[in-house]
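Quick heads-up: structures coming right below.
In the two complexes below, chain A is the common chain; its partner is chain B in one and chain C in the other.
Entry: the complex of A and B
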């Protein structure tokens, strides 16, 4: 009883610490975004909300949002497709080089992203590709597709391989099995992989820095402005960035929930 | 129907790299038969069934279904169906959708499908309301029935089972054994049933194939296997048994009467006697074969008593008698005997031969 109460307090303290370290900085960025001063000071003495209006009206910000959305959107879709097929190869089918593949696919995740970004930039240069947001998509994929593969593989490992064999035994073709068994069972994994992919791409800085060329994503712009030319527009855009990912995360989770409901309804 | 076997297996061999899981086995299965394949774990039962339904390819040998050779036909083109050890029910589908799955693949109209699913629910004694249930809402025994219903919806020529009851508790297993046997009779289909439980095989099957290390040791009706095992392995697998090594018509420690002496003259092999065939002899009572020892321990088995009798310079003997014939407890000296008709001699060359 005593220890469990102590445990309880420790957990509460831990929770508070996590909240403090995770969200206080975010709150301070939020506060900074409504500061009236032209430079970064704390605490804030005067407030103004004009920066939000300015941010939303600004062409620069609109372009930034567009580039970031394009990159993250395409990376998400491709990661889901690559991750799905990759997970089948990773977890479902036994083939000759599976062991090697399982190790190789983990490699990019453990590579420091700055090094990965630099390496890719050098490679693009060697091949003669001019870096743009499109090369950033490729760079993000190199890092994110393996993560999506792992997320979906975990799901793939958790269901009985006999399910697919049973389908086949009852006359299902490869395509029937995929449609009736594999895809529906992997779907929750594919949706979480998609959410991961979006958030990782949307917030990525090191890979984008090296590979976007003349284009710029939101995190890159935030950094550049932080280094020189700070204005309250910087935290404003920062908060908008967080807001967008929160909205998309909520949408994604709703989609997952709707998917689940729909299935339950179909079953009922 | 008829004498032609529905399934013929010829010199079937399966190797996994260097390891040979099946050593060129042969088997004929009659149409409508309930065949149980029994063997200890790792003896190759699952490997065999996977070859038969087409989930794996044999290394050598042929499989015939009636007049057509099927060993190269993929699983989804074979008219066979298997109930998995894990049952393999689709967790994302309702009970009804699970049962209708094979019909859906054949593009049967939804209304017809549903009618058939409801019929099968009734056949398996599940309420029609289960049609809409989720799989994870079913108990172990209900899942079992759903898996069976799904397999029957497929309407296979041969229905295979890979230890489907092994995860259930004793009482439910007993109930389902009876139901399965009943279902076999009502559907008239050929059932091939794998189990490591001999008891299960004896309750349900017409014939039992005993498997050991990738070979069949004996294929025969239960009663025959019990009375005339072909090898020590089979004899021991069929339950408690006494084995005596006979060399040139003699077994050390056994006294043969005239009938036994004549019968066993010059014979070499293993003499098999079931514990319940051994009687405790009253003083002066005679038997074809007699032996003596001292009771070491005693177990009560309901209406019967089982004794372990120690013998000088030989392995102990197990004797099982009715409770009313019980004699004293541990320490008591006893004379035991059995008739020549109650024992069976295994020839030495039959020991390792495949059936």
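Entry: the complex of A and C
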């Protein structure tokens, strides 16, 4: 039973419509960011790029950028390490509590993030830790480390256990096997998990809201400005944030493509 | 070999296991402990009196719970209908276009949720993209489309679309082509194939997608605040208000527990049924 040609084209058109729908709000933000007027109304009469200059020169924006970068950078490194080990336990080895462990890993992903942020705030308060960007790193990790584990697990599932066993039979120690066989094989998974971790931390708002204390990340600042009224810097800073993710993602995808080509060339 | 596998598995699970025990399970237990405390205390070393739960029941908080659950159910149903044809296309029809679609949809996930919702505010508000251009072209404008219940459900559908789409596509990919061809040869109509073959066989994907969407939407906050204005108050917002403006941690904790029990119950039930090894492609 084949789907008819017309049906196929209709489905493709539908897919394009859904994509357009997903990106429409970003188009609005983009247009708003280059409107000259202080109070935005469409249709836009005069365009100007002044807000970008102002945003880039502002000290507030620089501080926010620094905090966001620090948090996302540390979250990335830690979730790559924790996720790598976690994925081996998730997918590769059979051990007693593996099924229960797999379920524990999934729970934080389902959990409402606002509530998680508040629960952590109470926890830090009870233990006696003053919230700052460092506690936000912990909050982000609760959600992102499990995601990194899942991303690396997908790679670890397609891993042939015989390769590790062969290394061991030829006299490699556990550490040698890990360094020479397991890590290189899982590396593409680890790198994509790192990319995921950075981008998710960079854009996260609900977890940061309650756990950054006196510090503030970019999404938090944007939200505060959105709720308190319109500021012409909001669309501009928003687009700068999105632009950063887009550049990183493009770099990641290009690197993946180059890696794939190089490997195909080597194997051919 | 077997013994080493067992030891290594446990050893590698330790870092994330310990971390989640300290930074995920312990805070939830703390919320549970706080929810039993008398009003407006900031430590758990008081006599529990469960009065916060009494407040939750008598002060009409069930309405906000009902709004949250009702709106997320509506969003889940709408998303199922909207995503099914697309998921079907991705699993069975598209080829290369599937990859374009996947990358296109995943990329939106990396844009902060509140920037995307703010984009909808700019699109739908009075003098926004839609109303502004309609007024400029036709000369007659209308009030903005924001600040009502349907636009909140719309926002939920927008934000959680990927969480329905991908599991659904995965589920439909699991429907064997032979089963559909056989049903077709035996004279089944398109609708019968959908109801008798595709729906039951794609059920794992449907279940995961629906659970994920429902659970995430039930705890959502930004959609209501940014798009809904004061139209309705959802449970996550009540929790936040109790903690911040109300300065009543036990009440906030009790409200959070209501959400945690509903969402956690559904999530644990759903995760308990899923065979993760099979779904993620273990060999």
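What we mean here is this: the second predicted complex is superposed on the first by the 246 of 268 C-alpha atoms of A that agree within 3 Å, B and C clash if a C-alpha of one lies under 4 Å from a C-alpha of the other, contacts with A are read in each partner's own complex, and residues count from 1 in each chain.
Following the convention adopted for this analysis, contacts are C-beta pairs under 8 Å (C-beta built on N, C-alpha and C of every residue); 3 or more make two chains touch, one makes a residue touch a chain.
These figures come from a predicted structure and were not determined experimentally.
Undergrad: Examine A:125 and indicate which partner it touches, taking first as chain B and second as chain C; both and neither are also allowed.
TA: second
Undergrad: Quick check on the superposed pair: does A:146 touch chain B, chain C, both, or neither? Answer first, second, both or neither.
TA: The answer is second: A:146 touches chain C but not chain B.
Undergrad: Looking at the overlay, does A:83 come into contact with chain B only (first), chain C only (second), both, or neither?
TA: After superposition on chain A, A:83 lies in contact with chain C alone.
Undergrad: Looking at the overlay, what does A:165 touch: chain B (first), chain C (second), both, or neither?
TA: both
Undergrad: Scan A:55 for contacts with chain B and chain C and give back first, second, both or neither.
TA: neither
Undergrad: Once chain A of both complexes is superposed, is A:207 in touch with chain B (first), chain C (second), both, or neither?
TA: After superposing on A, A:207 lies clear of both chain B and chain C.
Undergrad: Chain A residues in contact: does chain B have more, or chain C?
TA: C
Undergrad: After superposition on the shared chain, which partner residues are touched by A:219: those of chain B (first), chain C (second), both, or neither?
TA: It touches chain C, and chain B stays clear.
Undergrad: Where does A:185 make contact in the superposed view: on chain B (first), on chain C (second), on both, or on neither?
TA: first
Undergrad: So, A:105: does it touch chain B (first), chain C (second), both, or neither?
TA: A:105 contacts chain C only, not chain B.
Undergrad: Once the two structures are fitted together, what part of chain A is touched by chain B and by chain C alike?
TA: The overlap between the chain B and chain C interfaces on chain A comprises residues 165.
Undergrad: Which part of chain A faces chain C closely enough to touch in the complex?
TA: Per the touch definition, chain A meets chain C at residues 1, 3, 7-8, 11-12, 14-15, 18-19, 21-29, 31-32, 40-43, 81-83, 85-86, 88-98, 101-108, 110-116, 118-123, 125-126, 138-139, 141-142, 145-146, 149-150, 153-154, 157-158, 165, 174, 199-200, 202-206, 210, 218-219, 222-223, 226-227, 234-235, 238, 241-242, 245-246, 249, 253.
Undergrad: Under the touch definition given earlier, write down the residues of chain C that touch chain A in their complex.
TA: It comes out as residues 1-2, 4-17, 19-20, 23-24, 26-28, 30-31, 34, 42-44, 82, 85-86, 88-90, 92-94, 97, 101, 103-105, 107-123, 127-129, 131-133, 136, 158, 161, 180-181, 184, 212, 215-216, 218-222, 225-226, 236, 239-240, 243, 249, 252-253, 256, 259-260, 263-264, 267-268, 271-272, 276-277, 280-283.
Undergrad: Tell me, which parts of chain A touch chain B in their complex?
TA: Touch residues, chain A against chain B: 159-160, 162-163, 165-173, 176, 180-181, 184-185, 263, 267-268.
Undergrad: Give the list of chain B residues in touch with chain A in this complex.
TA: 53-55, 74-77, 80-82, 84-86, 88, 90-94, 97, 101-102, 104-106, 132, 134, 150, 154
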